[in-house]
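Each chain carries a letter (A, B, C and D) given by its place in the written order, and its residues are counted from 1.
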Amino acid sequence: MKIGILTSGGDCPGLNSVIRGAVLKGVISHDAEFVGFRWGWRGVVEGDIVPIVRHDVRGLSKQGGTILGSSRTNPFEGEHAGPDNIRRMLDEHDIDAIIAIGGEGTLTAARRLVDEGGLPVIGVPKTIDNDLAATDYSFGFDTAVEIATEAIDRLRTTADSHERCMVLEVMGRHVGWIALHSGMAGGAHAILIPEQPMSIEEICEYVESVRDRGRAPLVVVAEGFKLDTMDEAHSHLGLDAFDRPRLGGIAEKLAPMIEARTGIESRHTVLGHIQRGGAPSAYDRVLATRLGMAAVDAAVDRAWGSMVTLRGTDIERVTIAEATGGLNRVPQARYDEAKILFG
Amino acid sequence: MKIGILTSGGDCPGLNSVIRGAVLKGVISHDAEFVGFRWGWRGVVEGDIVPIVRHDVRGLSKQGGTILGSSRTNPFEGEHAGPDNIRRMLDEHDIDAIIAIGGEGTLTAARRLVDEGGLPVIGVPKTIDNDLAATDYSFGFDTAVEIATEAIDRLRTTADSHERCMVLEVMGRHVGWIALHSGMAGGAHAILIPEQPMSIEEICEYVESVRDRGRAPLVVVAEGFKLDTMDEAHSHLGLDAFDRPRLGGIAEKLAPMIEARTGIESRHTVLGHIQRGGAPSAYDRVLATRLGMAAVDAAVDRAWGSMVTLRGTDIERVTIAEATGGLNRVPQARYDEAKILFG
Amino acid sequence: MKIGILTSGGDCPGLNSVIRGAVLKGVISHDAEFVGFRWGWRGVVEGDIVPIVRHDVRGLSKQGGTILGSSRTNPFEGEHAGPDNIRRMLDEHDIDAIIAIGGEGTLTAARRLVDEGGLPVIGVPKTIDNDLAATDYSFGFDTAVEIATEAIDRLRTTADSHERCMVLEVMGRHVGWIALHSGMAGGAHAILIPEQPMSIEEICEYVESVRDRGRAPLVVVAEGFKLDTMDEAHSHLGLDAFDRPRLGGIAEKLAPMIEARTGIESRHTVLGHIQRGGAPSAYDRVLATRLGMAAVDAAVDRAWGSMVTLRGTDIERVTIAEATGGLNRVPQARYDEAKILFG
Amino acid sequence: MKIGILTSGGDCPGLNSVIRGAVLKGVISHDAEFVGFRWGWRGVVEGDIVPIVRHDVRGLSKQGGTILGSSRTNPFEGEHAGPDNIRRMLDEHDIDAIIAIGGEGTLTAARRLVDEGGLPVIGVPKTIDNDLAATDYSFGFDTAVEIATEAIDRLRTTADSHERCMVLEVMGRHVGWIALHSGMAGGAHAILIPEQPMSIEEICEYVESVRDRGRAPLVVVAEGFKLDTMDEAHSHLGLDAFDRPRLGGIAEKLAPMIEARTGIESRHTVLGHIQRGGAPSAYDRVLATRLGMAAVDAAVDRAWGSMVTLRGTDIERVTIAEATGGLNRVPQARYDEAKILFG
């Protein structure tokens, strides 16, 4: 069996561990051969293919990034795109299966390739934000939470030394998992997530209550958080230019709003790309390795259209459709649990 | 409601996070009061009690160790021990519940206090080795795996630079979870665990196969691993003194045996106590905080004899008996999965 | 002898280590007593004083921030300010010496208090940027470099995975030491520092040369770096709003300029406050502890107006004036050395 | 110019950074060519040579170990050894210079090759223990101190949680620099180094004084430390077998002696090889890179027999003889300074 692997979308610690797990499992247990598609679906569409042998995955478990490169190319867009062209490319290179490692967009495309084109694709969930349904966690998330928590640990000492409010922006466009976990781990006094809009008034109540207990407030905010009274807040502060794209993220907006209302000197930090690069945590290496191995088993079983997933301590299979059917939002109960720690 | 907390047995990153989670949840949601029993069950038996107020748990999430101290005291042994004395002590101090954070021994004692004495005890599982049944993972384990994995990352460069075989001994008296996860994460070439005895011949086959591929072999061994032909190995090498206690652990034994049989220079390292101390990982902080909160809820619900536990992403309740009914051994399937990476 | 300590200016890993070193040395070797002035010079001016006993410095070596708090108060400004008022406050509290831990501003004030008021002040240099003259290094700098280097290590994998140019902004308002060291350590392809203006054309030449070698360019820029053709660059891109303060830092400006000129997708990250908070590195703990000890010796020797300093491996004394007489700029030779690694 | 590089002796974080610095400097500034001798002097003696081009040093700064391999081969021992054979090998391969990166043994051999054979050798000091004279610090030492300090941070929480005495053994066969720095950084209560024998009585006085203050004692001991009353101690405890080699290191001996005399439960940990492998700290990467560059400059200047060295913030040249003329011992003043922190 000859299996092609691709990594697609944003960087995520553990991609190389998936590749290593898949290749070692395939070579050793199934006598499979491997190739890599370069730059995600682009390599599929353009036939940009490199062989991967056992030696290539040496020492790869701890290495961040992806040796195959990544991109946001959509396999349905462009001259050579679409199921028929891809089928032809697979035939030409004698490739029997595609293991597609990616997030919502990648997996949706994978599903269409299976459904509409009958192509032999297996999905591996990849999301730094942990926003994919049908898996307890996805690799990369633990590393991101660890990095964000270390940042909180560092910011706290500065906040305390200056009696300042610190606002840390972490990743999470649609869901607030990184903010929730790092905020709980780091002892944040407010955790602001996309699932739970909050008014600037309420945020400031938490901030002031912390200050009144003699402590320096620390707010963790997911990039996708929205104030529930954004417009009013803007007009109140005369910040009519707030939605201009160049004005930066939510933390940059919140810090001066908090300072203006509470009188507490406030600073923001945007953690940015360092959350999604570099060496994966041990947790993510183990998870990613297991997912890679299970993906090869699924390919050997010709379970096209399935995605490997973590449930409890087990790696299982679901349909890709289950994973892309809806976002993995922070449930109300988890938010309420964390809210105990606010203020 | 007045709740007493104790931490018992060996150190484990996350103990303080449990205490913090419990106190914040109890104070804020249930208007509960808290005391701590000093030095585990010793504080219960001797009435060594300190008040814990909200301020005491400030910044505690990231702090290793336990502010309450720990010991291996058995509440059924000694002059003031036993359910009746403990009942009297609880009455005297108006304490309504005991939250006991500990491992197999602690929880077995807790169960007996409930069963035989009708005492109001809630259990929180604590095991660095991850050897308790009825919970997917326990706090502290992730930190230990992370530390062991970092050690492997470091040892590998030295092994490679000298063409040496390195043998790393990690914790795991009865089960091999730390060895399994850190070995998978770090790319070990053999993972030796108590659940799976192996002969020195087989170990050396892996070591030689690695050497033959031009790499430096790295072996991770849990402290409780036993050679399946230990006696024979001893006699073969004339190492009749091997079971003398002062002669150190399994890694110290294995390294010279590997060197003698393969001719590959071999060195051992025993990671020891650094696996179980210091700041918990973010994963462990979140898990420990949630367990602490859930333990207080269980106390408020008067669910005596229950233990809080992680199932998938949820914190649930089981009976303490379920957790102490048997060891959480590495299942055959998980070992087979890891074995792909051997050699 | 009764010694008062203050920490002034921005947070810096190692402040608590200085305090601990000073208190232990003073208590044990000189039978001295200690108080802390709260919030830097503000505590001096307002007589906001707390006793510090040996027990208070327990475990402080590894703790980031400052237990005394900090501020940017100037001891010459305000109602109760000035040497005479401070002299009165010292007399009132029987304080024999002030150990002032701070940067350029703090030390300049300290020197004036000695010169103009004859006050008993000893200086300890504190600068995250390493911009103080008369000391080889200052504590906090090593930690900042370590954090910036870890960030570079992480960003590189993402850059490589996406064939992107990453621009990392690190601290360094007037001097480029953090950028120089972290850039050398992390393998940056261009290091931009205030001491060495460079044109956007030259930066882009480095970036393109890296791309042409098949690698992803990584640029480290100190916050105080200025393009030597800034105005022209602005007008070229029509970015007339560039100097508006809300528009963010230099990295935010450079990334789109690089992308516009080279066609290489470019992203920026601003490391910000996480560089200056949290646990100090071992190097900084040792240096800070030694400086604290030496400051007490200087106080005992009544060497008012002197500052303790690192020269090679020795802690020595200089006059505060030497340290504040000019910036510790990156010398041309060190920049030329690093420039070998560019491109 | 064609330059051959070798790395010799024990592993040390930063070896690859030296190689990278040398190659980049040589290729870019001097148009030099590079080869590597495999496995230290063995590659020189056996003519085991690999080319090194710019691409080979990509990403090498942060990588632990040495891409050239290392060994303890002596270039004066064996059939093909000695200056004449090496001269012939150099001629055969058109190699103009040898950069020898190593410790006392390596550099002594290098000096003899220059003195006795007129060979073109430049030395780069490499010692994890920091025991070479004529350089303020050597790369690898900072990383080792950092790792030892992290271990102390972890051990402390466990010591505190159990009221135990922890004894940590760190590297340092002849000198105690790692113990001194990590002990100061981690807040050890006794630092035992080869330069300063101490009686078990004195050690126990420190340990008891710590216990009496309500704290858990932590002792850091360099592997080369000797009790000044070793024999007496042995006979006192009846430990006649103490010098049997299999009985392990000094920490393993001290812990039971402390426990026997003080009654405080005592545990030991031997940090071992993890101190000398893995990714170098930023400090070590910068230092190693600069030393590598300077070594190439020295080769271009044909300054045979010189060694590059760190003095303050400058890289300078000394004769190899200066560096090998005596050990870099911890001076009395540095020990006295640290002793303030004991007990």
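Remarks
In this text, a contact is a pair of C-beta atoms (placed from the backbone, for glycine too) under 8 Å apart; a residue touches a chain by one contact, two chains touch by 3 or more.
Computed from a prediction, not measured in an experiment: that's the story for all the values here.
Touching chain B and chain D at once is no chain at all.
Comparing the CA-atom centres of all chains against that of chain C, the greatest distance is found for B. Distance between chain centres (mean CA atoms), chain C to chain D: 30 Å. Computed centre separation for the pair chain B/chain C is 41 angstrom, with centres defined by C-alpha atoms. Among the residues of chain C, those in touch with two or more other chains are 153, 156. Every pair of chains meeting the touch criterion is listed here: A-B, A-C, B-D, C-D.
Chain D meets chain B in the complex at residues 7, 11, 13, 15, 39, 63-66, 69-71, 147, 150-151, 153-163, 166, 246-248, 267, 269-274, 276-279. Taken in their complex, chain A has these residues touching chain B: 24-25, 28-29, 58-59, 61-62, 136-137, 142, 145-146, 148-149, 153, 156, 181-182, 184-187, 215, 281-283, 285-286, 289-290, 293, 311-313, 337, 340-341.
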